[in-house]
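Both complexes shown next keep subunit A, but they swap its partner, so subunit B is in the first and subunit C is in the second.
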Partner chain A sequence: MAHPDGNRADDKAVSIVIDGRQVNARAGETLLQAAERIGVTIPTLCHDERLAPTGACRMCLVESSDSRRMVPACRHPVVDGLVVQTETERVARHRRGLLSLYAADVDVVPGTELQAHIRRYGLDPGLPAANAPRAGRPDDDNRYVLFQPESCIVCARCTRYCDEIEAVSAITLAHRGSQTTIATVDDVSLLDSTCELCGGCIDTCPTGALVERKSAHRQATFPALKPVRTTCNYCGVGCQFDLQVDAAANEVVRVTSPAPGETTNDGNLCVKGRFAYGFIGHPERLTTPLIRDEAGELVATDWDTALDRAAALLQKTAARHGANSLGFISSSRCTNEENYLVQKLSRAAFGTNNCHQCAAT
Partner chain B sequence: MTNSIREIRDADCLFIIGSNTTEAHPVLAMEMKRAALRGAKLIVADPRKIWLSGMADHYLQLKPGTDVALLNGMAHVIIAEGLTDSGFITEHTEGFEAVRAQVRDWTPERASAVCGVPADEIRAAARLYATTHRAGIYYTLGITEHTHGTDNVYGLSNLVLMTGHLGRESSGLNPLRGQNNVQGANDAGASPVFYPGYQRVTDPEAQAHFEAAWGVPLDPDPGLNLNEMMKEIRSGGLRGLFVMGEDILMSEPNVSELEKSMPALEALIVQDIFLTLTAERADVVFPASCFAEKEGTFTNSERRVQRVRKAVEPPGQARADWEILLALTERCGYTGNAGMTPPEIYDEMAGLCDKFAGISYARIEAEGGLQWPCPTSDHPGTTYLHSDGPLRGKAQFIPIDYRRSAELPDPDWPMLLSTGRTLYHYNAATQTRREDGVNDKQQTCFVELHPHDGGTLGVTDQQEVTVQTRRGEIVAAVRLTTRVAPGRIWLPMHFSEARANLLTVDDGDGVTGTAEYKVCAARIVC
Partner chain C sequence: MGKQRKGSKSPKRAHRLHDTPRSKDADHLRLLPRFDELGGLRPGVSKTVSTDTGVPEATAYGVASFYHLLARPDVDVRVCTGLSCQMAGAADVEAALAGAGAAVEGCACLGQCDRAPAILRTDAGGGGHFTPLQAERPGTPGAPWGEVALPAVHLSPDSAELAINLSGAEDAGWSAHTHAQSIGPDATIAEISAAKLRGRGGAGFPAGIKWAAVRANRDRSPIVICNADEGEPGTFKDREVMAQRPHLLLEGMAIAARAIGAAEMVIYLRAEFAAPRKALLTAIAEARDAGHLDGLSVELALGHGAYICGEETALIEALEGHRGMPRHKPPFPTDSGYLGRPTLMNNVETFACVPAIVTRGADWFSGLGLGEATGTKLYPISGDVARPGVYELPLGTTMADLLAVAGGVMGGALKAFSPGGASSGLLPASMVNISLDFGPLQAAGSMLGSAGVVVLNDSRDIAQATLTRARFFRDESCGQCAPCRIGTQVIVRMLEQDHTDADTLERVCWEMEQGSICGLGQAAPIPIRHLVQHFPADFSGK
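Moving on, here comes the complex of A and B:
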């Protein structure tokens, strides 16, 4: 519960040692949070800072002076005087063994957290494929979210995101043991579930088991795409995202969100921001200036002709009826700079204040 | 917004009114959900049972257009029960006595008789809001798209001021901007009454400031607002129109009247990315660029100026809007912009506006977005407003009285129609209806109707009906749902073959001109 002055009840300072370095932390924090603050990266798979920690994947186990067994850093609380070691041979052996089990269980996808961990820590022992397939949803006909069960480690980041952040609980863990999978109620299509297609499940998935269907066939090329950080063009929240660009094809291949905590949207996007980018290169886009010809038809023309015609029409109207017979509608879809230029066109070029942005009514 | 989006998660009470947040601002709604799951209390006031009403501690299903009655009723409870913040009122406000007198007669029972919310729910909501320290109000077009929209906002601001819920984290008055750059377009002076930075065109000092900067004489009189412009086209006062990035034939109210008068325009210049209904009528159409094809900035609801970056080339000969505007302005005889680039344009604007003077592309690159007011280059920006009391002197209480909406149901037109946005489409939907995945969720227009009314009319779910008002009619499929109350219908504004704006009234708010898209009288014909 919040105190009126904004301080929280559990703000007590504690001091611990991580890999030989003194760290000041606050009671209620986890080892993972304390380590991150001093730049010590502990590998995780089921962790997402937006979600309540579960300690399910065992990737973040470290040695801690308060336990004989290794502890999951993502949910182990800091205690004053604790001594923690994150990179011992025992920890490394555990990571190699654990990753071997995951690699035997699933298809490892390039560019994912799982693959990065395998590259960094290696696999030992090498294990044969477990050949214990889990069920997917082959009949799910939604066009955005594709579940590839052969790459799923059942870390449940997706289902917890759906419960705790989007809060629509459209997907859930189902079945038991090696059969455990990500399901909808009665295995219906996401289109027929409570899903709102925010795609947060794709974004949080550490293995590429959840992927955008539109670009899934290009999954292997994702690491080669060029990210361009920009601002969403839909509502006024101003989410930041990365347009993932195939520069040679002049094409936005997919949209990804920045890491949680990095921008105002905290790694979240909605269905429109994440998926509704098909208009960018749409074949119906206007590609040439148009002017109305003598027959009354709109026909293609060049820029000089179009600009001259537009300027002449506006100037003629102003000359005949006065500047206040003109109106300039600017756009809340366009940039600040462009809105500034429209009001300057209205005021400085023509001398009228008849200028308003489109969202005014 | 007086507050920042990140502060929502730490609020202990959220009063959400006239905002279907999960559909119109989905990512901001995630912060609201997060607060609620943490234990924050939610008060949701909306004529329609929106998603968040299912999560609310108090859901107030008011009649459309009766917000003032509800808010005056809440103010009455807060004053009568001694829940005001008298220190804040004395120190930071003026005019409280007028509001006290105004709401004295607005007992919860009287308010209830007008707005339809049970009196005890009005009491409970008022107490919860007033007695929670971190309490924020969030609203959008359900508050403003009324002939008394400005009154609605004053009603909310009275509640904020009498409880002192201002100038702190998570406490304030937060309009959520519907479009990516509503905030920025206003900030940049795309307004008939303001130069950039909210400097009034009627203020001689401001006029002199901009005349000196731009080197031309400027008009000292306010211009026409958008609603007035549309009406002046009909009356012949407006003869030439330049339109950038809006499909007025999809978006403006009572559009059939506008459509009839369009041929009288002697000049119609449209700049857009698709051949919209409006562009089809133009004399000249400029092919423009979408956000992914140009450099610039947008300013979000929390006043944060953020970069827009070019990722791909525009198609064919299409050009960035700013390039087109520079060329057109020059050919219209003004050469003061020639050769400028987006960062230079921003710098020119910021140099003329104290609020943005400290913001530049270099700082946005380095700091990832800056929230105005940001008056100097070493100012960190402002996450929440009014931390030292109101921006300009003392905040003014404004007494308001309930006024009926412009057109309410009668025996011939028995249903009350409201319009709005859905999660899967966006306004005129020139972008989203070209996207298969969202069309799977929502392909065609629909009208929400209460099952009770469905029974009376003999209408079944998914049946196509005609929705008529005095101004026009459209065809839509019925969705029988208890989201709407009996006697009320709701339909989305996204479908060009079933334009909601053929139906809506064009009466506007007296101050802003914003039209009453949320209330008109209608009937359903099978």
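Moving on, here comes the complex of A and C:
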């Protein structure tokens, strides 16, 4: 496995043993990366492969021959000859104990990474609710991102995503101890912060503490939604995302991004892709061409009639004032092929270079 | 931006370990001092600090909110919630102050246990400046109180047989420093190693090994940092070293700096310590004038109210202008510490032992200890004791002997004692003959730690004392890792309940000890286990 930054001197091959199996790795890799390669699952919560590892959630602790204490696989470096065990009784006890603490501290949301770990590894001991004094932002009435502190495990994936991927730094870990929370400066609304509303924080959150405000009341039904992969047509980048559809109601409930590494956008989206899907089922959405009647009112018509009208008026204008009296502007929501055809129409059919596309700048 | 990876489910992404990207180091260095100058974290201040430093506004806010002295600038008076102060009626003081209309809040141990109950007043001018600590009224009978009262030092051995000797005369000529320079770095380090000097901050790591490790990295601009963030509950020894023997500390640091090849020294001092700060500034100026510091820079950096910053990597994070969250080790600071540079960090008392070792030799020093331990040790003692204060005694002195030197138990018979700070727990009177030394205390499920001894008489409820300390850990946890952040919170709730099941408590303790990143979470269960193990009547009597 090559490093993205080329052949560094410490890229030397090492060999380690994970759960009795030999694994070839390179210096600079982590135990987690080596384990993933041979299909050994180590549970994580604060890990997002796009972010520098912090080892803070403690979910990925495993036993390693170079340490008396269990080590976080997400940031523990491979060393030649290391013997790693991921399924010992000590590790299992730790996972149950840690998840018990999380379950005492937060409301577990269905369909999240946290709930999946609890189902797989179990809880022990049962604990009273911790009732941590973790503050939310009750006065933040932005319409996009809702922070539910009662479900937050303070893994800081959202704040690190905001810093390291988006370079926006709108949110931060604030306060300390059991009061630690995710905050904006002086607890202002996200709209008054540097936030660009990309919603990446929602996507990386492993506990559902961050959720789109509009669909938050349906959070319990998220696991039952059907994903439909499609390409965003708000601009020319070509991000892919999944429309999460309530099949029974034939309704798009939310938009999620594919896992990092799967598509061009690497798990990222912008405010339009993430939140501007309301038009899909909007009653005022245009579903048929409209032309103006003699009274100047828009009336529905068929494509042939509409195209005939457009062609006639374009030709009439060109005949009277010359081709350069026309201008053709296409939308960034068109595909490359459609944009090509528009300039072809402009240059070849009408003979003018007055053509532009709004994403050209 | 991510790059296209055709059909790849596992992107070729490999983070270089230990180089977490964040705002530029140089920008952060000015962050906390700037908040200080602007009077702490008030609305709008983060924006100014961001403009001035280049650190993103939210990041600046997040850092400042971590530190209590910055995060709550409108508090007039802070009342110590440490065990000795609570036993001396700090809660009554807090209620009285609040009743008089002051903005009051509790705070972690102020390191004034010998003057309990202690309070900290914020200057009217704000700006993170604090008046000297004051005790408002006499506390435990016989305890000194007020700004300076009884001498804090009571000597039992001959003062010539003390490594530090708090009431000794300062050596303005820095003869040990001169001698160390004449014998050279290797011989100096060899002497420290042969003396078997162990760190006096809590962990007891051999100083010689640490010095040699940093010296091995001397081509990468090593730095010397003195951990003067004394905050372990029940501990006030470094305070006295700095107030009374500041030259001894500086001389020890300078010897270390020259031995490891460092040109920079930093003292990270609790901001609450006004008198030590003044003494240090004077001594630094004198040492500079005398030429002792030629080729060496010394900076006095102030803390901002966070116990966890006494942990060495959290201290480094704070110095670098980040939230004081401990780092993972390795790498150890000796290899990569402050700004990635090799860093020698020792406690105040550790550095203060150095001049005597250099002057009088390793054999002399190691002959001072009892048993395997070497040297003398500053034992701060407070609580239900006749003469609270700092006693320098041979390392390994028994609890019984220390008690005798300090005038014995007040207000009843001995019930329990805490041998070395909050994380050392509470041991029963039956163990009074234990040596206050690294090995024996560790074997007993406790620790020497900072050697801050607190005495409890038989009128005290150990469950209540344990709850006091559990709350301390809850409030001072950095919040980074779940076992500590949630575990300390859950334990307080369980102790507050009427019926607490020992088995469940133990399971939480196990997870905290096994799963926490740093020593705070790993050691916080010790007092809980002591309560269950040594004081079953108090535990079940709740």
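Methods note: the second predicted complex is superposed on the first by the 275 of 361 C-alpha atoms of A that agree within 3 Å, B and C clash if a C-alpha of one lies under 4 Å from a C-alpha of the other, contacts with A are read in each partner's own complex, and residues count from 1 in each chain.
Just so we're on the same page, a residue touches a chain if its C-beta (ideal position, glycine included) is under 8 Å from a C-beta of that chain, and two chains touch if they have at least 3 such contacts.
Everything numeric here is computed off the predicted structure, so don't read it as measured data.
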If you stack the two complexes on chain A, which partner ends up touching A:196: first (subunit B), second (subunit C), both, or neither?
-> first
Report for A:355: first if it touches subunit B alone, second if subunit C alone, otherwise both or neither.
-> first
Kindly classify A:268 by the partners it touches after superposition: subunit B alone (first), subunit C alone (second), both, or neither?
-> both
In the overlay, answer first, second, both or neither for which of subunit B and subunit C A:180 touches.
-> second
State whether subunit B or subunit C is in contact with more residues of subunit A in the superposed arrangement.
-> B
Is A:27 touching the first partner subunit B, the second partner subunit C, both, or neither of them?
-> neither
Applying the touch criterion given at the start, work out whether A:170 contacts subunit B, subunit C, both or neither, answering first, second, both or neither.
-> second
Which partner does A:216 contact after superposing on A: first (subunit B), second (subunit C), both, neither?
-> neither
Jot down the residues of subunit A that show up as touching in both complexes, subunit B in one and subunit C in the other.
-> 1-2, 4, 164, 264-266, 268
Subunit A residues touching subunit C - in the complex, by the definition given at the top = 1-5, 28-30, 33, 36-37, 49-58, 61, 69-70, 72, 75, 77, 90, 93-94, 97-98, 100-102, 104-105, 124-132, 153-154, 159, 163-164, 169-180, 183-186, 193-194, 259-262, 264-268
Of all residues in subunit A, those that touch subunit B in their complex | 1-2, 4, 6, 141-144, 164-167, 191, 196-198, 214, 228-240, 243, 245, 250-252, 263-266, 268-273, 275-282, 284-292, 298, 302-303, 306-311, 313-318, 320-321, 323-361
Of subunit C, residues touching subunit A in the complex = 1-5, 8-17, 19-23, 43-44, 46-47, 56-62, 65-66, 71, 306, 308, 323-324, 328, 474-483, 485-490, 493-494, 497, 503-504, 507-508, 510-511, 514-517
